[in-house]
Amino acid sequence: MGTVHAKESNMFRNINGSSSNEKENFKEDNPSLHFHEKMNLLERKKGQAVDLHLKARVDRIHVDGLIRTKDDIIKAQVTELFKAQDFYDIIIHAYKVREKLQDLGCFGNIGIYIDTSHGPHATPEGVEVTFMVNEMRRLTGGISTMVGNNEGSVIVQAKAPNLFGRGERLQMEYSYGSKSSTNISMSVVKPFMGSSRHKILTGSVFNTSNRFPWSGFSQCDKGLLIDLAFNPDGTGILKHNLQYEATYREIISSKQMSFRVREQCGPNLKSALRHICSIDKRDSLIFPTTGSLVQFSTEVAGLGGDIGFVKNELTVQTNWTPHEYATFQMGFQSGLLRGISNDMKINIADQFFLGGPLNLRGFDMRGCGPRLDGNSLGGNAYWALALHLYTPLPFRPGRHSFGDLFKLHGFINGGNVSNFTFKFANDYKENMKIFKEDVRCAVGGGIAMKFGNIARVELNLVMPLLFVRNDVLQQFQFGIGLQYL
Amino acid sequence: MPYPLLADSITLELEAQEPWPQLITLYQPYEVEQILLPDNANCLAVQAFLKMCGLDFQIEPRSNAEYMSPSGRVPFIKCGQFLISDFDSIVTFIGNKGTSLSDHLSANCKADMRAYISLVNNIFINAELYICWVDETTLNEVTKIRHGSVYPWPLNHYLNWQKRKEVIKKLNVLGWYNKTLEEVCNEVQNCCTALSERLEGSDYFSGEKPTEVDALVYGHICALSMINPSLPRTVQKITATVQEFPKLLEHASRIGRNYLNNCMLESACDFEMCASSSKETLWNYSESIEALPPLSEDSFEILLLNP
Amino acid sequence: MDMFELTIWKGDWGLPSVDTECLQVLVYAKFNGIPLKVNAVGNPFNSNLPILKYNNYTFTKVKDIIEVFRENNYNTEQNLSRKECAKIMAYDIMLKEKLFPALQFIWWVDEKNVNELIRPWYCKAMPFPFNFYYPGKFERQARVIFEALYPVEDDISIIENKVYSEAQKCLTLLSTSLGESLYFLSEKPTLLDAVVYSYLAPLLKAPLPNPALQNHLKACTNLVTFVARISERYFSNECHEYKTKENAQNVKQYTHNEFPNKRRTQLVAGFFVTLMMATYAFSNGILEVSAKDSEISDIPVEDSITNNE
């Protein structure tokens, strides 16, 4: 597949043996720096300087190791490599292509080899790129344990990747928690890679149960989620998700609950459309040093079912690193929930809650906002703002390895959640009430750790500054989770 | 303070210290479009019981009453800080507050009353559950439509299925699921015979004054004999069985007249009415036990928020 | 005339049968003096015991069996008023509602009882391949009962509390209802006595390791005497057999152990007390019967002796 051409006949490069670890490193460090290092290595070996901006042309691309995977989706992934103008371009593009191939979820290790091209059709400055891929087995699975939300759970996963040769996969996950909560989900993923626009369609069925002792109820969900994800620019920075969710939710009362919560018990059906648009220019998910994230989501429930509302949420995060040892981070979240008609209910499960060790620190889970009889009722509008200053561990133990998983941080966060009636009239004062009255605020510091590059663990000592009599305060907090403020 | 459930006698000791009487709110499903036969019977029984005790209460219909109830059964009452469901528990609770209908009875008589309460609770409720959820005609023509009426499609089908499964499991354990409709009618007939014989010639089961059993029997007889003639024939069979016992119908209409001021039963048993009409004078003081106009929704909310 | 042939669960602990329904039928038959051929078995090939075979017909439901007895003019209720018959029905239902779940709980759900007494007993009582299957099956059945009766409750200890408190209330009611009389309805035993006995006897006699409800029953002395009276009068064989066995075991234990099992001594003491009470009540019963019935000649002799003195 593709054509070959070579210029420097003895130029053979194994740029990367590709393991996920190395991929991470690449993502976090300055990419160009990394490249230079690699190139320098090569230079030394060869004993001659390589001009990275040397003109080069990709004559031919090989993909080795394909068995089940269909050619068309591979072609769609690799064609962008032919656009490369010089050698530097080729390397950058090769990395991108490798990432794309990996995103297909069909391959284990992917190796890249670049060689000068040979043969009758070789152009003078042509190179030949070879991707060595390793297809995954038909069925993979695993058992793992997880601790989170004060509960330990066992997760059994099974995955059938690349079912029909075009990246389709079937996933199944079952988790059983120590507090007898079970989650089962089964999803079918179908990527559409044909055009330049990258679409992934996911359909999943799930059955989850969660307990919310802070609000006095537990919730049992059975539902269906169809998600279409696409990034129009193809770079992965701007992302849209269009989702449809139909969920049968049952609110189950706990022994002692406020009557207000009890009134909401019972089954309900939520049928909702959701649009999530995010622009993520951050360099890392958990400890970013630069770049910012803007995410806007809109949810409209009420297409059938008995739950009806419009919910808007905005999440902003921006990072700034003036010095190697100091990173400032500002995070802001806000949301607004409105009913659409009197026939449609809004359940307590749809409300916004604030507080928790990774949320509004200094308050217990769902620790602030409207409460009754010790149960948090939630509000229909909220905002929260947090300002962090991160530094690496003092004296940098375990630098470039284990020590980089930890950071110290100091923060000040604040926010408010309340029931808010939006007035369209020019009642500015009334509408700004949520930002002025009963604002909660806390300062603190602690240690944060990243966990598998997706989760975050924090241990903080916090001092609440502003709070309301009803709020549940916590001075010492330990939190683990995927999302954070 | 959260609402404790009436679970054991320790809470019963505690609750005696609360001021009494308090506002009682009775939660039940919607009577017109949702409620099913067994629930309706229980709700009527509790209403009759509260009326007999001379307690004011306010009926609050909720579509999810069943799920709000601490025991999963309707009706339940909210009294101050407490939520109590089921006829038996409500009787115990009210009794602990010092209002009891059977205090004047001998211990032996009380024991008999308990036995009759069990009898009614088991035979009638199981028979009602059987008609509603096992009998195919009633299930399709009435139960599914009514039970599902408060939920959106397709949730109504799922919940009907789920509820039916639960009821069948219970009836199976109690040995009712494998009965035929005739056997169920026989059981009802036996139970009615027993009750009718116990009643003999007196106004109420234990003489001149009504007791808990009277309220319970009233609820079931009322619910079973009130069934609309447009309903499927299987239901009418049960109705006909109940109608064979004029003493019970008369007893129910007497309670209806004296305590609930309704004439629901009048049409059902007009022909037996003549005999008992003379007794009405005995009970005309009941006019005074009429319910107070219910408090408005708002004032109730305030009570909740500032306990 | 054809013989009644009754197949029941076998008994132990001085009970003719360990199963409530079997006991009910058996006791009712004894009350009526029905000539029975009793097969006490320990293999539930047909788990619907009791089974009555009569005139080549087979009956398995308690209700049907009693109906058969009645058809053959064995009826203890013919002299009762209709109101009393209604009472029998009401009490029957009440006991089934309140005591049956409690017995099931004690028998098959309470772990201590199941592990230390019930399962070993059934394993021993049943023949080889079945003793591995049936006890587990019974346990599952009992669990299903509680799942169905308490669908919203998943904490077994709360269910246990509820079941026990209902059963205790019911026992107290029975105790008040019986009062000082010999039997529930009249001077003669009736179906109601058979029903009550069938629930109380297993609860009272089984040497349960977890005797929460048993202790409550033992505190209701009139019920204890009631059970002892019926056992003594109608099942004296089983009673004596068990007692001698128990005694033999005790003697063995005395020789083996200087400090004998405290509970067992208590049990024996309790037994003797019950026995004393039972004999007292028994003699009372004979006196009353003799007053009406002149065929018994022992008493007048006694009377005459006292007169002579």
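Lettered A, B and C in written order, each chain numbered from 1.
Operating definition for what follows: contacts are C-beta pairs under 8 Å (C-beta built on N, C-alpha and C of every residue); 3 or more make two chains touch, one makes a residue touch a chain.
Since the structure is predicted, the reported quantities are computational estimates derived from the model, not experimental observations.
Seen from the C-alpha centroid of subunit C, the farthest chain centroid is that of A. Averaging Cα coordinates per chain and for the whole protein, the chain whose average falls nearest the overall one is B.
The distance from the centre of subunit B to the centre of subunit C, each centre being the mean of the chain's C-alpha atoms, comes to 35 Å. Inter-chain centre distance (subunit A to subunit B, centres taken as mean C-alpha positions): 54 Å.
Between subunit A and subunit C, the centres computed from C-alpha atoms are 67 Å apart. Within subunit C, contacts with two or more other chains are made by no residue at all. Looking at the complex, you find that subunit A touches subunit B at residues 216, 248, 250-253, 255-260, 262-263, 265-269, 304-306, 372-375.
Per the touch definition, subunit B reaches subunit C in the complex via residues 7-9, 71-72, 107-108, 110-112, 114-116, 118-119, 121-123, 166, 169-170, 172-174, 190-191, 193-195, 197-198, 200. Against subunit A, the residues of subunit B that register as touching in their complex are 1-5, 62-64, 66-68, 70, 78, 83, 151-155, 158-159, 304-305. On subunit C, the positions that touch subunit B within their shared complex are 82-83, 85-87, 89-91, 93-94, 96-98, 144-145, 147-149, 151-152, 158, 161-162, 165, 169-170, 173-174, 176-177, 179.
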